[in-house]
Amino acid sequence: MSGNPGNLKVTVWNEFLHEKKAGGKPAEIYPQGIHAALAAHFSAQPGITARTATLEEPEHGLTKEVLADTDVLFWWGHMGHDKVDDGIVQRVQQEVLAGMGLVVLHSGHAAKVFKALLGTNCSLKWREADEKEIIHTIAPNHPIARGVGERIILEHHEMYGERHEIPEPDQVIFISWFAGGNVFRSGCTWERGLGRLFYFSPGHETYPIYHRQDILKVLVNAAHWAGEPAAAMRAVQGGAPRTGTANSVNEKEPVHPL
Amino acid sequence: MSGNPGNLKVTVWNEFLHEKKAGGKPAEIYPQGIHAALAAHFSAQPGITARTATLEEPEHGLTKEVLADTDVLFWWGHMGHDKVDDGIVQRVQQEVLAGMGLVVLHSGHAAKVFKALLGTNCSLKWREADEKEIIHTIAPNHPIARGVGERIILEHHEMYGERHEIPEPDQVIFISWFAGGNVFRSGCTWERGLGRLFYFSPGHETYPIYHRQDILKVLVNAAHWAGEPAAAMRAVQGGAPRTGTANSVNEKEPVHPL
Amino acid sequence: MSGNPGNLKVTVWNEFLHEKKAGGKPAEIYPQGIHAALAAHFSAQPGITARTATLEEPEHGLTKEVLADTDVLFWWGHMGHDKVDDGIVQRVQQEVLAGMGLVVLHSGHAAKVFKALLGTNCSLKWREADEKEIIHTIAPNHPIARGVGERIILEHHEMYGERHEIPEPDQVIFISWFAGGNVFRSGCTWERGLGRLFYFSPGHETYPIYHRQDILKVLVNAAHWAGEPAAAMRAVQGGAPRTGTANSVNEKEPVHPL
Amino acid sequence: MSGNPGNLKVTVWNEFLHEKKAGGKPAEIYPQGIHAALAAHFSAQPGITARTATLEEPEHGLTKEVLADTDVLFWWGHMGHDKVDDGIVQRVQQEVLAGMGLVVLHSGHAAKVFKALLGTNCSLKWREADEKEIIHTIAPNHPIARGVGERIILEHHEMYGERHEIPEPDQVIFISWFAGGNVFRSGCTWERGLGRLFYFSPGHETYPIYHRQDILKVLVNAAHWAGEPAAAMRAVQGGAPRTGTANSVNEKEPVHPL
C-alpha cells in the first residue's frame, strides 16, 4: 500500500554551471553545487538513498540505468536549459509517464523536461529586487505540506509572479506573496501518465534557500510523495524495469463476447 | 450557440491519405475527403466561415497567415502522423497557447500536436470489430453537449478503450460504451495557455460518422466553444495578431513600492 | 460578452441590513442598498434585465416564481446569514443544481447557500486594516476575466486571506495580494449539477467598491458566464420551468438488449 | 511521511436493515451484516484496527468519541437514509472537514453525509436486471488501484448508470461498463477540507460482492488512502483531538508590517 517502501531512490539533477564560477555567490553558498547539498540532505534521511547527475556528465548523467533506478528526479536548471539534449529530455519524459516522480525547482520552470510534460511555455514574471517572499500553505492536508505550518517567510528572494503559463494544477499547495505586489502559485502538483510532478519555486542560486530546514522539509516531503508510485512498483516488481504505456494496444479479443 | 461573435473562423485539417486510395471505403464515404465534408457543414452554419488544409500542401496548409486567421483548428490524422513537420507542430502549439482552439478527432489522439500539448503519449486500446458504441453525455450543461441528449448510438464503429494515457481532463463531456466490454472517455476538454482543447473520439474513416447530424451537432458546438476565446480576441483587437506568452517578462518596477 | 442569448435575467439578493443603519458608511455609499446599485448597473447593460430581492421581504424575495425566472442570482450577505430560512436555502440550491447560475460576493463566503453547495465551512482569515489589495488575473482567457487586464488595485479594503476552506476550484480566475502579507483566491469557479458558481471576494460594505468600473466589469462578465446555461435552456424550452435531477431514475429498459 | 502510520483506525457504518430481514438474500450473504463482514476483513490486515457502528445504536453508534478515534469511516446505507439524524450528519461532515476519511459505498450515493459534503443530489440511473458489470481501472497509479489490474468483472450486479449528479471528481479511478449499455464512474475521489473522500459503487446487498478478494483489495487500499491524513495527524498530535477549521479567524496582526 501507500507509504514507506523501505528505500526511496532519489536522483538530484543540476546543470551545475552557476556554482562553478569562481568568486560568485552561488559558489560561496553551494561550494559543491546545489545537487550535492540537496543529495547530502536526502541521504541523511532514514529510508532515502540519493545520488546526483549534472549537465556536463556523459548523457547529462541520466543514463537509462540511472533513470531506471530512480524513484524521483529533482531538477535544477537555468542558464543551461538549451544545452540539454532533446534525446535525454524524451527519455526523462517517458520515465515520468512510466511512473518516475519529477520535482522541478525554481528556474526549472523553463526546463525542457518541464515544458515537454506540461505542454506549455511555463513563462512567468520575475524581478531581482531582493524582496520578501511569504509562502502560504493552501493545501495543509497534502503530504507535501505536512509539518510545514501556515507559512514560510523568506526575507530576501527573487520575485516570480503570475501569470505562470501552466495548465491548471491538480492541486495548488503553496501560493507566494512578494513585497513588491506580486503573487505566485509557488507549489503545484500534476500527474502525467503514471508519474507525479511537483513544481516548487523557491531556490534562486544567490540565496542560501536550500540550507533552510523549512524548505528542506518541503523537499523531503515532495521526494516521498512524488517517488511513492515508482517505489511501490519496485516493491512489487522486484527490480524489474518500469514499463510505460507509450504505444496503443490492439485488444483483439473483446472482454465481453460480441 | 454560446458566444457567437459574428463570424467564427474554422480551419479543418486532415492528412487526407485514406480517402485518396481508389476503391476504398473512405473514398466512397468521403469522396472529397473528411476535411471537405466537415468544412462544408461548418460553412453552412450561420456565423461560421470554414476552410481546409491538408498534409501534402506546402507547410501542410498551415502557414502563419492561415493559423493567425483561424479561431479553431480541427485535426484528423492517422497513418501520416510521422509525416507532420516538427516546425509546424510547434507553430500550431504556440497558436493554441496564444488562444486558438483545437479540436482533435478520433485517431488524432496520437497526433504530434495533441501529444505536444498534453505531454503524454495518449496511447489507448483499440479493436476493429464493427461493434456498437453508445456515447453517454456526462456533462449535459456543457456548451459542447447542448442539444445532444442523453446519448448517441453508433451501431458500428471501431472500439477505442481505456486506459487512454491523457492528463486528467478539465471535464469529461462524454463516456462511450462498447459492446465488447470496453469504456472510453470519448469527449474531454483541457485548457492550455489561452487556448481550449476538445478531444472527440468518434470518426473512424471507414464509417460515415461525420455525415450524422448528431455527431455534427457536437462538432459545431465544439467549434463555437473552442473557438470562442480567439474570436473574442479578434473582436477586441480588430484583426491584430494574437500575442502569446512564450517568454518570461522581467517586471523591473514593483506594483507596490519596495 | 460570451453567449448573449438576447436577454439575461439577473436577480441581485442582498440581506440589506448594514445600509439601513442611519449614519453609517454603508448607508452613505449605497443609499438604496448594494442590491439596488448592482441591479441598476446590470439593467443598464444591453441584453440584461435585473431585479432585486432582500432578506426582509416575504420568502426573502426568493419565491419559486422569482427563481424560476432567474438565470443568475447574485448573493451579498453578512450579519444576517443565520436569518436566512433553511427552506429557501434548499430552494436556491435545487435551482442551481437545475441550471441557475450563482455569484457569491465577499462575506457571502459564509452564506448558507454557498456552504450548502460546496459542502465546506468556507472559513478564512480576515483583518480590517484598510490595506491595499491587488487582484491579479490568473486565467486571462476565462470569460469572467475578459477586458480586465493583468490586475485591479484597490487602495483600501478589508483583508481576506488563505486558507479559505473551499473545495479545489475548477478554475482560479483571480488571486489577491494584501499589503499585510496575505494572499487569497479572490475569484473562483465551480460547477454543481447543471449550474455554474463564481465566488468573488471584493466588496466590503464600507468601501465604494461596487461603484468601480473595473469591478463592475468583472460582475457583468460573471453574470453572462454563470447565467449562460439557464438562459440557453430558456431559449430552447420557451419559458417552461427548469427540471432538475433531484431524483434517481429506474431505467428499466436496457439501452442494449441483455 | 505518507504511508503506514503503524495503526489505521477504521469504523464501518452500516444501516443494517436489509440483513435483519429473515429469509432474505442479504441475511444469507451477510448473516452478521455488511459492516461485520467488512470490519472482520479490515481487522485481519496488518496495521488496521476496525470497529462497527449501525443506525439503530444510540447516536447511530457515531458518538463524538468514536469519530474522534476514527481515521476513516466507511458508509453503507440504503432504505434508512431518511432515518439518519441531521445532527449526526453534521458531526460526520465536520469530522471529514477536520481530516477524517470517508468511503461511501454503493447506495450510499444518496446518503445525507455524502450529499452534504458534495452539495449535489447525487442522483443516478439504476436497474435491477442481474447484468454483467466490468469495472475498468482508469487511474492505475492511484494508491486505491494498486494491485487491482486492468479490470474487475462482476458477472451479476445491479446497474448504476450516468449521469451521476456529482461534482467533477478530483480523479476518476474506475469506470464501469454494464451489459445493458450503461457506463458509470464507479470509483471517484474528492477532497473536502482536510479530509479525503472515495465513492465506490459495487456492493448491492443481494450479491456477495464484499466477499470477493478483488473488491476487498480496493477497499483496503481505500482505507489506507482516505485514512492517511487522520492517521498522520494522530502520529503528530499524540492523540489530541482533531481541530477543524469551522470558523473564520481575525488575524489582527499583519504578517508584513503595514
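A, B, C and D are the chain letters, set down in written order, and residue numbers restart from 1 in every chain.
Please note the rule applied: a residue touches a chain if its C-beta (ideal position, glycine included) is under 8 Å from a C-beta of that chain, and two chains touch if they have at least 3 such contacts.
Treat the numbers as computed from the prediction; the structure is a model and nothing was measured.
Following the contact convention of this document, A, C is the list of chains adjacent to both chain B and chain D.
With contact taken as defined at the outset, chain C and chain D are each touched by A, B.
Rotation angle relating chain B to chain C: 180°, from a CA superposition, given to the nearest 5. We define each chain's centre as the mean of its Cα atoms; on that basis chain A and chain B are separated by 32 Å. The distance from the centre of chain A to the centre of chain C, with each centre set as the mean of the Cα atoms, comes to 38 Å.
Counting partners per residue, chain D has 134, 140, 161, 163, 168, 170, 177, 179, 181-182, 191, 193, 255-256 as the residues that reach two or more other chains.
The touch graph of these protein chains is complete, with an edge between every pair of chains. Partner chain A is touched in their complex by these residues of chain C: 134, 136-138, 140, 150, 161-163, 168, 171-172, 175-178, 181-183, 185. On chain B, the positions that touch chain A within their shared complex are 93-94, 97, 110, 116-121, 123-127, 129, 131, 159, 161, 163, 165, 167-168, 170, 179-182, 190-193, 244-252, 254-258. Interface residues of chain C, counted against chain B in their complex, comprise 1-4, 99, 132, 134, 140-141, 143, 146-147, 151, 153, 170, 177, 179, 191, 193-196, 228-229, 232, 236, 255-256.
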